[in-house]
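Report on the structure given below.
Order of writing sets the chain letters: A, B, C and D. Residues in each chain are counted from 1.
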Amino acid sequence: MLAQIFVNGLLLGALYSAIALGFSLVWGVLNIINILHGSLIVLGAYLAFFLNAWFGISPFAAAPVAAMVLFIPAFLLQLGVINRVLAKPVLITLTLTFGLNLMLNNAMLTVFRADYRKVVLDPPLGVLDIAGLAVPVDRLAAGAGAICLVALVWLLTRTTQIGRAIVAVRMDRDAAALMGIPVATVYALTFALAAAVAGAAGALLSAIFPISPVASAGYLGKAFVICVLGGLGSIPGVVAGGFGLGIIESYGALWLGPEHAGTVAFVLLLLLLLFRPNGLFGRKGFE
Amino acid sequence: MTPILELRNLSRHFGGVNALDGVTLSVGENEVVGLIGPNGAGKTTLVNVVTGVHAPSGGEVHFCGERIDGLRSDRIARRGIARTFQIVQPFPRLTVLDNVAAGILFSRRASSLSRARDLAAEYLAFTGLYEACNQVAATLTLAGRKRLELAKSLATDPKLLFLDEVNAGLNTAEIDAALELIGRIAARGITIVLIEHVMKVVRRACRRVIVLHQGKVLADGPTGSVLADRRVVDAYLGARAVPPAQVGAIA
Amino acid sequence: MSGRPAVVQDAAIALIAVTAVAAVAVLGDNYVVRLATTLFLYASLALSWNLIGGYAGYPSFATAAFFGLGAYANGVLQAAGLPFAVAWIGVAGIAAVCGALLGFCILHLRGHYFAIASLVVGDVLREIVNSWTSLTGGGMGMNLPLIAFSADMQARFFMGGFFGLALAAFLVARLIDRRPLGFTLRCIEQNDTAAAMLGADTRFAKSAAFTIACIFAGAAGAIYASWVSYIDPTDVFDVLYSVKPIIMALLGGIGTVTGPVIGAVVFLGLEELFWRNFLETHEGVLGLLVVLLVLFLPDGIHRLLTIGRHRTWRAAAS
Amino acid sequence: MRSKGLGVVAFVVAAAVSVIAAFNPGLAQTIKVGAPLPLTGPLSPEGTKLRQGYELWLEELNKAGGIRTAGSRANVELVFYDYQSNTPRAVQLAEKLIVDDKVDFLFSPFGSGAAKAASVVAEKYGVPMLASTASSAEVFDQGYKNLFGLYTDNSTLSEPIADLVTKKSPDIRRVAILARNDLYPMSLANEFEKSAKARGLQVVFFEKYAIGTMDHSAALTQIQGVRPDWIVVTGYINDLILARKQMGDLRLTAPVVTMINGPAYNEWIEATGALSENITTASWFHPVLNYQSKDLFGSTQNFVRLFKDKYGSEPDFTQASGAAVGVILQQAIERAGSTDRDAVRAELGKGNFETFFGLISFGPTGMANSYVPPVYQIQDRQVKVIYPEAVKTGEFRLGVR
């Protein structure tokens, strides 16, 4: 049973990484807590749902589509709205994204209604049996997709011109500006990339979790915990934080009862903030 | 000469880097001492450790005969050590008057803000900022902000004052004025440790100079002989941080 | 700044406010009384948040944590047999101790880190309340004893209670605003390090502001619990109790004494207006308002009202 | 300089007070019924459904020419507000509806917790309130005279299922219960525990999960470890979609799996697909029922038809509940012949309302006690009634894979 719970935790952890990736990117580069994030994931999940319902497209194939659909509006939103308050204190930027989230979430509620939906894979992908441990294939595939997504973003920031510009701006905004990097554009690109990643993550999750505008707060909450666990803005940290949380929750539920799974994660988070505010894998020098 | 400040074997590491590596030195009462060294030598770290921004990794700091290492910076400040910052640190949205009043209030020399404002006038006059007193700090020129930095620190009525590159970025006329101001501060009986890159200033203001290099004291003695020391010149040349004109000044 | 005019002014404020509240109590129907009660609840939370969030610039999301803590502490104390008045005072004490302890733990964090730490505190408390079923009833919620007045009297009693709390919060904020503590907090908000370097006991100032904010949030939660007489964890630890006071303070003018009061009045008015007129889209409309506010009026309504007046601090530098 | 600020505050307060005071419309000619609904927030799926039920009733009522009172006909106006799934706000709105909108009667907010909280206000003002969706006995234990609940007690859900299960197979001994930590699901889970123990079954696992849980795998793995014969999961539709999905992922099987509330909803069956097979559930209403009634709709099937015409889908029990409280209130007013609250309250107390939802009478606490909620099983993605005998459309099957 312990081994099965470990497998459960790993699979969950991969999904958690996908949930937190875009959030971490925005936090790390733009230094903004993006409250919109949960709703962007839900939006991605809806796109996958309708692509599946209308055209029979698998949610895995829908992931890139969802990413592309979210990219442009997010770019414009950042350039036109969020960019105006970027230099302001946390309170202002956070309140802005909170307001934007109220709007987006209410819009989704009006358009999609609140009923829970879910992509049902037909035929179902089934369950693998590996040494007596049950490994559901849809979770495995979504988890693999999630890891690919993280790897893709990581490669993007390492190997491409845009990626290096993003890293440069994240390290030192002023120096990057002096070197002729168009900071505002880089910020907008980062935000758009994060939204695209959130959309793709939503599509991957659409076969696993019930879809509703109401679900967005849950995703946001998880993203928070994972980012702090893994270290703010660190992309490998997202993977560490995601897997960490997945495993902690699984064993917490086993040893303390399912209703305490969340408590363990929150208490850990608080302790971590007090004693190691850069996260388990974060960089030096906070604030 | 009684030492007002004594550092004994003071160290500070950041990760694997020894920013301060066993520094021992003392500063006498009423001295004006120059603290120089190439970039990254540990000058600012030294000030940060003495003023309680960073706790030392090892060693002791004694001030007026009492051990102060490990104390919080506000406690150290209230014992009579003040500093200016290399990058000026005003309260940007307060007026110049209130910036100085903050120094008086926080050092507990006045119990109300209005009383503190009354007392602040003296320091504004002393630093030549009186006309600007109702101006918001963020709107001052760089030279003005440097003066404000000084006025704020003086307002805490310190016994020992660290001046961290107060002249960086100023033109010749402004430097002359700053030198004159340093002289007047010293004349008030305040001990000064002057961290400087401009050797002209060091030569004119300090009779004694301490050179830091790679976190260690490289030289300590009368200004003229220290600046002529071969090791000091090598340290500067090796660090390639000093413009040729200044190297010339050292040599 | 001298003592006497301040006393006269305080008396004047108290008189105006008491008269207005008495008028509502006598003339208003129970719904108006309920709105006024909510207004004072909002104002208490916004005023107390403003001390730490506005003056000191520490983006605290701990309001809901202490609101919920106060509500449940009241429930537990009353279940143990204490009369409500004693329980409320007890709650204020508990909130003070917890606030001071928490402040000691998290006030060295800055920016996002402080924001998250303060936010997580509410989650932890909610989960504890949820799991400590023997004491709190867990997810099933908790009933508090009703106060034995008639319906009309009860409504007015709780309005009076929240009014007293809001008035106290206002007077405390005013006092702090005029004392060195308020000045210190403003300096901390603008430059924490510089304030410490000048000898300001920043830790004490921040802790004091945070603790006072926690006391008011806790007391508000306690009175609230007695008022609704049935509490459950999702309601009293709702993150909106942390977010709304911030919006109110932003709306009115952050770091000012009157700003949060103006913000609470305007916010409540808008809330009423929105859900009367936009049945299903009022949240979106509120969101739009928040966005416009942040973009075009970041200093709040207070700033609009004070343009052109001599200000000794916080002038239009940024 | 400060006194100006004070003037501003005083002015704003005064303005606010007068604006609030101005919001007091006069009495309307029609019968007004107030309904606080959770249209946004976590309960918005349910809130939207309840509203559909109310509106169908209202539409049919208007077609029929309104409510007959003392020889004349009165129109009904429903006053909705969104309480954002926030209980205190529901209470606040209930009071607003009574005091400010001057409604004659109230429909309760959704669910047990909010109905309980709002019933305090209804009682305070003596306004009869019909609780459409409250089934926990704790809601009705305060001796209130104005609260009438459409649903029967939670134990009426657990008892018949426990009966069916024990009669069907004596081999079923071990029960595992997983409940959402929330008033209604917990109360329901406690009833299942009682029913199981009363029949000598062994409850080998009883755990709660937190609201908003995104992963049940650890709890389900533990359940797998105790090898239960009967698994009961309580919660709301999203919880139960996820829980069923993860049971499938872990290949957790048992002879009987009961889930409440979820499987009776079409969305649940759609979202779980093949995994819905043989899941048992119970609910107070289902469109497969067929009662003849003396209400506006005439029969369950006619109600279902009208509902389909209007919304394009079959009504589930929440949607039906909205319409049911409507027809009950209508019948009570018509019997009383006036909108006098005391008279209507007295008629409600007499009960015997023959509705498409079933025969409704209220017990001494105000909770309905006149009908037995059927037990259902999902077979081939169809909902079959397996209990009571009279309305049965299928046989109870064992085995959930």
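Methods note: contacts are C-beta pairs under 8 Å (C-beta built on N, C-alpha and C of every residue); 3 or more make two chains touch, one makes a residue touch a chain.
What you are looking at is a predicted structure, and each value in this text was computed from that prediction instead of being measured.
Between the contact lists of subunit C and subunit D, the overlap consists of A. As a matter of contact connectivity, taking subunit C out of the picture divides the rest into A, D | B.
Note: the chain lying farthest from subunit B is D, by mean C-alpha position. Rounded to whole angstrom units, the spacing between the C-alpha centres of subunit A and subunit B is 47. Between subunit B and subunit D the centroid-to-centroid distance comes to 73 Å (mean Cα coordinates, whole Å). Measuring from the averaged C-alpha position of subunit A to that of subunit C gives a distance of 32 Å.
In terms of their C-alpha centroids, the spacing between subunit A and subunit D amounts to 35 Å.
Residue positions of subunit D touching 2 or more other chains, listed in rising order: 40, 181, 208, 210. Counting only residues that touch two or more partner chains, subunit B has none. Within subunit C, contacts with two or more other chains are made by residues 127, 130, 280, 283.
A complete list of chain pairs in contact reads A-C, A-D, B-C, C-D. In the complex of the two chains, the subunit D residues touching subunit C come out as 1-6, 8-10, 12-14, 16-17, 19-21, 23-24, 39-40, 80-82, 84, 86-88, 91-92, 95-96, 98-100, 113, 116-117, 120, 124-125, 138, 180-183, 186-187, 208, 210-211. Against subunit D, in their complex, subunit C makes its touches with residues 9, 12-13, 16-17, 20, 23-24, 27-32, 34-36, 38-39, 127, 130, 138-141, 151, 224, 228-230, 232, 234-235, 238, 240, 256-258, 261-262, 265-266, 268-269, 272, 275, 279-280, 282-283, 302, 305-306, 309-310.
Listing the residues of subunit B that touch subunit C in their complex gives 51, 53, 72-74, 77-78, 82-83, 85, 89-95, 98, 102-103, 105-108, 111-114, 136-139, 152-153, 155-156. By the touch criterion stated above, subunit C contacts subunit B in their complex at residues 1, 180, 183-184, 186-187, 190-191, 193-203, 312-315, 317-318.
Considering their complex, residues 40-42, 44-45, 47-48, 178, 181, 207-210, 212-219, 221-222, 224-225, 237-238, 241-242, 245, 248-251, 267, 270-274 of subunit D touch subunit A.
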